[in-house]
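Pasting a structure here, questions to come.
As written, the chain order gives the labels A, B, C and D, with residue 1 at the start of each chain.
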C-alpha cells in the first residue's frame, strides 16, 4: 500500500522538550473509516501525539501526512480546514456562548475575518446546528449558555462542535473521562454513530470502552509504539503486560 | 479656577490709611477726580470697574510642571499685592483669577479662552514651558489678550500679544560665551542638552557664535527628557577634554547629571573643564544639592545674590511673604516684572485697552526691577544685562561678571539661524 | 573617530566605558530585581514599583536629615541605616498593599496593572503633599563622593562601585533566598502549582504577602541607592518603569538569571550605543531592539521550557 | 443581529440606549452648555473614540493595549500636518529663510519640505492617512505580536514601550515634527477658520456624528459572528484555533480597528484644540485612556463613551476646584473600579438600574422586547480575564 493511500501516515515522528523525548521516532498508519484507540500508561506521550497532529506542538523531526498533505508545516487552522478535528481532554467549550452559538461558531463557514463579518444565520446553518444538537443529545438546550451544562454534556457539545465541521479525521482525547455510567453508555452510542462516516483516533484508559469501539489499538510507552493490533492481540502482548503490571 | 482672591486685607488697610489721611479718603470717595472714568480707560469691555481691574494668573499648579511654575505664581502674586498697596493701576485695585494649566497644553489653551472670554481679564501673567505658550498663543491673538511670559526661552517668536519678560536665547548665550572666552581663555566647547527645542536652539546659536570666533565645538549631545544615566557622555567629555561644558540639561536629568559628574571625579571648582549652564537657577540647585554644583557657572540675567537696593528689598519682601527658606531664581524674578511692566504700560497709555498697551509698551523702563533696570524693546522682549554667577555650596550664586551694556533682545538673530 | 587619540587614551576610554556599562547594569539589576520577584514569581504587574523605589529614596533623605540634625558624628554611616529602613518601610507598605489590594487580583494580571497604576498616582501625590513638589537633595557622606584614581584618565567613582556592590549583594541574596532556602522552595511551589501547594500545607496567602513585601522592600533599597546618582522627587519613579519592565520581560519573566542576563545585555548595548550615537537615538535604538527581539522571541532570553 | 428593520432596533431597549446618548450629545448638551463648555465636551468626545476601540480590543477580545495614545497621536499628527501646511503659505511665511514650509522647520534649518510631508497638501490623502497610518502601524505590530502569540501582559508592556519610543522620536526629530512643542498655530481647514465659536460648535456636531458612525460599526462587528468569535477567543483561544480559525488574523483585525478609531479621535482632537503635541502620545495619556474604558465598563461600547466623558469632566471639575485632590481621586477611581466593580458603570447599570426598568416595563404591561440573544449576559458577569501570560 502506498503511504498516501492511508488517511493518515505518521512516520519517524519525534519531539523533544529540552532534550526529553516525549515522542520518539513514532510511526503508525490510519486507514479510512478506521477507529484507532491509543492506550498507554501516563506520560507515554499519547496526548502529545494528538498535539503534534493538530499542530498545537511542532515536531522536532518526522512527518505527518494526511490525505497527501504534510501537516507538520501547516498552521492549526489550516490543519482543521484540511479535515482534522480535535477534542481536548478537558472539555473546552465557550462558556459565555449558548449551545447554539457554540455549534454555530464551529460551523464550517465564515472562518475568515471578512467571512465572519458577513456571516448570516440562514436556514442551512440552523438546520445543521439542530441536526448535530440532536445527535449529541442537546437539542433541548440550544438556548442555554454552555457554562451551565454538566461535565458530560460539555464533552458531548465539544464532540458536536467537531462533527459540525465534518472532519475526515476525528481525534478524541479521553472522551468519557469523568462521566457517569449512564453518560458513558450514551457516549459509546454516540461514537458508534459517528464512526459510521468518520475516521476516529481516540485516547482512552477505560479498557471496557476501548474493547467496545476499537478496530485496532496502538499501545504507546515512553514515546514509542510498544505494540499494535486488535484489542486481543495487545492484551496478550507480554511487553504490554509488563508495562502495565510493572516491574 | 474658583481661586478668586479679592485681597480684602489690602483693601482694608487702604481704607484705614484713608481714614488717617483725608486726601486719600477723598480720592476713594470720588474716584473720578483721581482715576479716569471707566468708560474712558476701557473701551473694549474688559473686566474693569470704577475701583477694580481683573487679571489672570495661569500656571501649572498640578502635574509635572508644578515644581517649576510655583515660584512664578508666588512672584506674580507678590507684585500684584505690592501694586495694590501702592494704590493700584489707574486708581483701581488688581483682582486676580488664578487658573491651573495642569501641565497639560490644551488645558492652558482652554483656560486662556476662559480667562479672556468669560472673565474678560485685562492681562494674563503665565505659562512657563514653550509648549504651553505655543498652545496659548493662537487664543491670545484671536481674542486680543496680553500675556506676560516669564521664562528664558529659545526666541524665534515675537507676538503682538505677548511681552517676554525673560531673556531670549542670544541674550543669555552670547554674553556667556564671550565671558568664557575672554576671562577664562576657553578654546574648546562641549555642548550638552536635554532633547527638545530650547537646548537645541540654544546650542545652535552657541555653536555659530563659537565658530565665528574661530574656536571649536568638540561635541554636541542630547539626552531624552528625564534621562538619568550620564556615564557615557561623561566619558566622552573626559576624552575630548573641552575647556567648557556648555550645559542646558533640565528637570530630573539635571540632578542625575551633576551628581554623576561629581562622582566621576570632576571637581567643578578646579574649572577644568569649566561648566557653564544656562538652565540651572537657584531653584534647580535645591534639588541637585549645592555640594554637587559647587563651582559651576551660570549665565543668566538675575541671581538672588545680586547686590543692589531693589533686589534686597525684593528678596526681603519675597521671604516675608513665603518664608525664609525660599530661593528666587531667574524666572521667578522675571515673573515678578510682569505685573509691574503691565501697570506702567497701562498708566503710560492711560487705558486698559490692549491695543493701547501694546503701543505704549516699547520704551517702558522699570528702574525698580530687582535685576536693576529693564526696558521693553520694540520686539516685546526686554533689554537686560546678563550676569555670570558662580555656584556656591550653599546653593546661591556669587555674581562674578555682568555685561556693561544692556543686551539687546534679538528673537530672530540674523546670522544665527 | 579614534584617530585623534593615543592608544593609552583609547584604552582608558574603553575601561571607563566598560565601567559605565557596568554601572548601568547594576542600576538595571537593582530596578529589576524587586519587579522580577513580583512579576516573574507572582504574575503581578506592579506599576507602582517606581514609587516604592522613591519611597526608599525619601526614607534615605529623612534619615540623612535626622543624622545631620541629631547625630552629625555618625553621618558617615547613615547610609547603611537608611538602606535597612528603606527596605523595612517599603516592604511594610508592600505587605499592606498586598493585603488591601493585590490579593484580590491574583487571577487578573491586567487588573493588577490598572490598580497599581492608581496606587502610583496616589503615592506620587502623597509625596507631593508631604515633601513638596520640588526634588529634595540628599546629601552624601564625604567618603562616598570621591573616586579611585586608577590612572590619569581612569577614575572609578566610589558611589558607582557602591551601587554595584549593593546590586550584586541583592542579586546574591535573592538567589540564595529563592533557591537555597526553605522559604524559596515554598515560593516556587506556590508559583508552580497553587492548589497543590495549599494541599501540602503551605500558607499560600502568607507566602504571597511575604513575596510581595520582599519585592517592594528591594525596590526601596534600590531607591535608596539611587539617591546617589539620580533625583528624588514625587514623579522621579515614573522614569524607571518602562525600562524596568522591559528588563524583566526581556530576560524571561520567571527567570531571575534571565533578569540579570537581560540587564547586562541591555545596559551594555545602551552604553555602547550612547558612546557612538547621541543619547536620544541610543535610547530609541535600544528600546526598539528589545521590542523587536521580544517580538521574535516573546518568551524572553531565558524561558523555562515547559511542555504544554 | 436581527437588525433587518432599523426602526424596530431603535425601539428595542438597546436602540433606546443609543437614542438616549444621541439625545444627550446632540440636543441636551448643546442647549445646556455655553460654547466654551461645549467645546470641552467636544474634546472629551474625541477620547470616546479611543474608548470604543479599547472596549472592542480589550473588553471583547482581551487584548490590552497600553499604547493607544500612539494611534491617537498619529491620527492627530496627520491632521495637524495638513492644517500646518495650509497655514504655511509662502505669503504667511514670507519672513522665513525658506518661505512656504512650517515655521518650526525653518528654525531647524530644514530648507525643503520633507517627502513624507508632501502628500499632506491633499485633504483626501490626509483623511485616508488618519485611518491608514494608525491602522498600518497596528497591523505591523499585530502581525509581529499575534502571529508569535504574544498576548496579555507581554503585549501590554510592549505597546507601552512603543509609546515611549515614539514620544522620544517625535521630541528628538523636531525639525520634522515640531518637537516637544508639537505642531501648533493651526488656523483654518480648507479656508474655514477652526477657531471661531461657530466652527467649534460645528466640529462638536461632526464629532458626535462620526462617533455614532464608529459606534454603529463597532456594534455591527460585535453582533456579527466575528463578535462571538472574539468572545469565544477570550474564553478558549485554543478551541477557536482548533475550530479552524486563524486567531491571529482576528486579533490583528480588531487591534487595527481600535487603532483606526483612536486615529479618528486624534484627528478630531487636533481640529478641536488647534494643535497636536507629543504629550498625547506617551505612556501616561495611554494609560488614562484605559481608565476611561475601565470606568465606563470594559465590555460595553456605550459605557466606554460615558466613561470618557465622565472621567474627563471629573478631571476638569476636580482640577479646577481641588487641584491637590485630583490625583488622589483618579488613583482611587482606578483601584475602586478594579476591585469593586470591574465591569464599570455599565455593570452597575445592568445590576441596579435595569431591574428597575424591567419592573417599570412590566408595570405598563409592555412585554420587554428582549432580543433573542441578548448581550446582557456577556456584559454582566464578571468574566475572568483569560489573559494570563501565554507563552508559545
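The rule we apply is simple: contacts are C-beta pairs under 8 Å (C-beta built on N, C-alpha and C of every residue); 3 or more make two chains touch, one makes a residue touch a chain.
Every value quoted in this text rests on a predicted model; they were computed, and no experiment measured them.
Most remote chain with respect to subunit A, judged by CA-atom centres, is B.
When the interfaces A-D and B-C are ranked by how many C-beta pairs touch across them, B-C comes first.
With centres set at the average Cα position, the gap from subunit A to subunit B is 76 Å. Put simply, the C-alpha centre of subunit A and that of subunit D have 43 angstrom between them. Chain centres here are Cα averages; for subunit B and subunit C they lie 38 Å apart. Here the CA centre of subunit C is 34 Å from the CA centre of subunit D. For subunit D, residues that reach two or more other chains under the stated contact definition are 168, 171-172, 324, 327. For subunit B, the set of residues that touch two or more other chains comprises 195, 222, 224.
Taken together, the subunit C residues at the contact with subunit B in this complex read 5, 9, 13, 16-17, 19-20, 23-24, 27, 128, 133-139, 145-147, 149, 153, 155, 157-160, 228-233, 235-236, 239, 270-271, 274-275, 278-280, 282-283. Of all residues in subunit D, those touching subunit B in their complex are 36, 39-40, 43, 95, 97, 103-104, 106-109, 168, 171-172, 174, 179-182, 184-187, 195, 273-275, 277, 279, 319-321, 323-324, 326-327.
In the complex of the two chains, the subunit D residues touching subunit A come out as 1, 220-221, 224-226, 228-229, 231-232, 235-236, 238-247, 249-250, 253, 373, 377-378, 381, 383. Residue ranges on subunit B touching subunit C, taken from their complex, read 64, 66-67, 70, 195, 221-224, 226-229, 231-236, 238-239, 252-256, 259-260, 262-265, 283, 286-292. On subunit C, the positions that touch subunit D within their shared complex are 39, 43, 45, 101, 104-105, 107-111, 113-115, 117-122, 124-125, 128-129, 238, 241-242, 245-246, 249, 253, 280-281, 283-284, 287-288, 290-292, 294-296, 298-299, 303, 306, 308.
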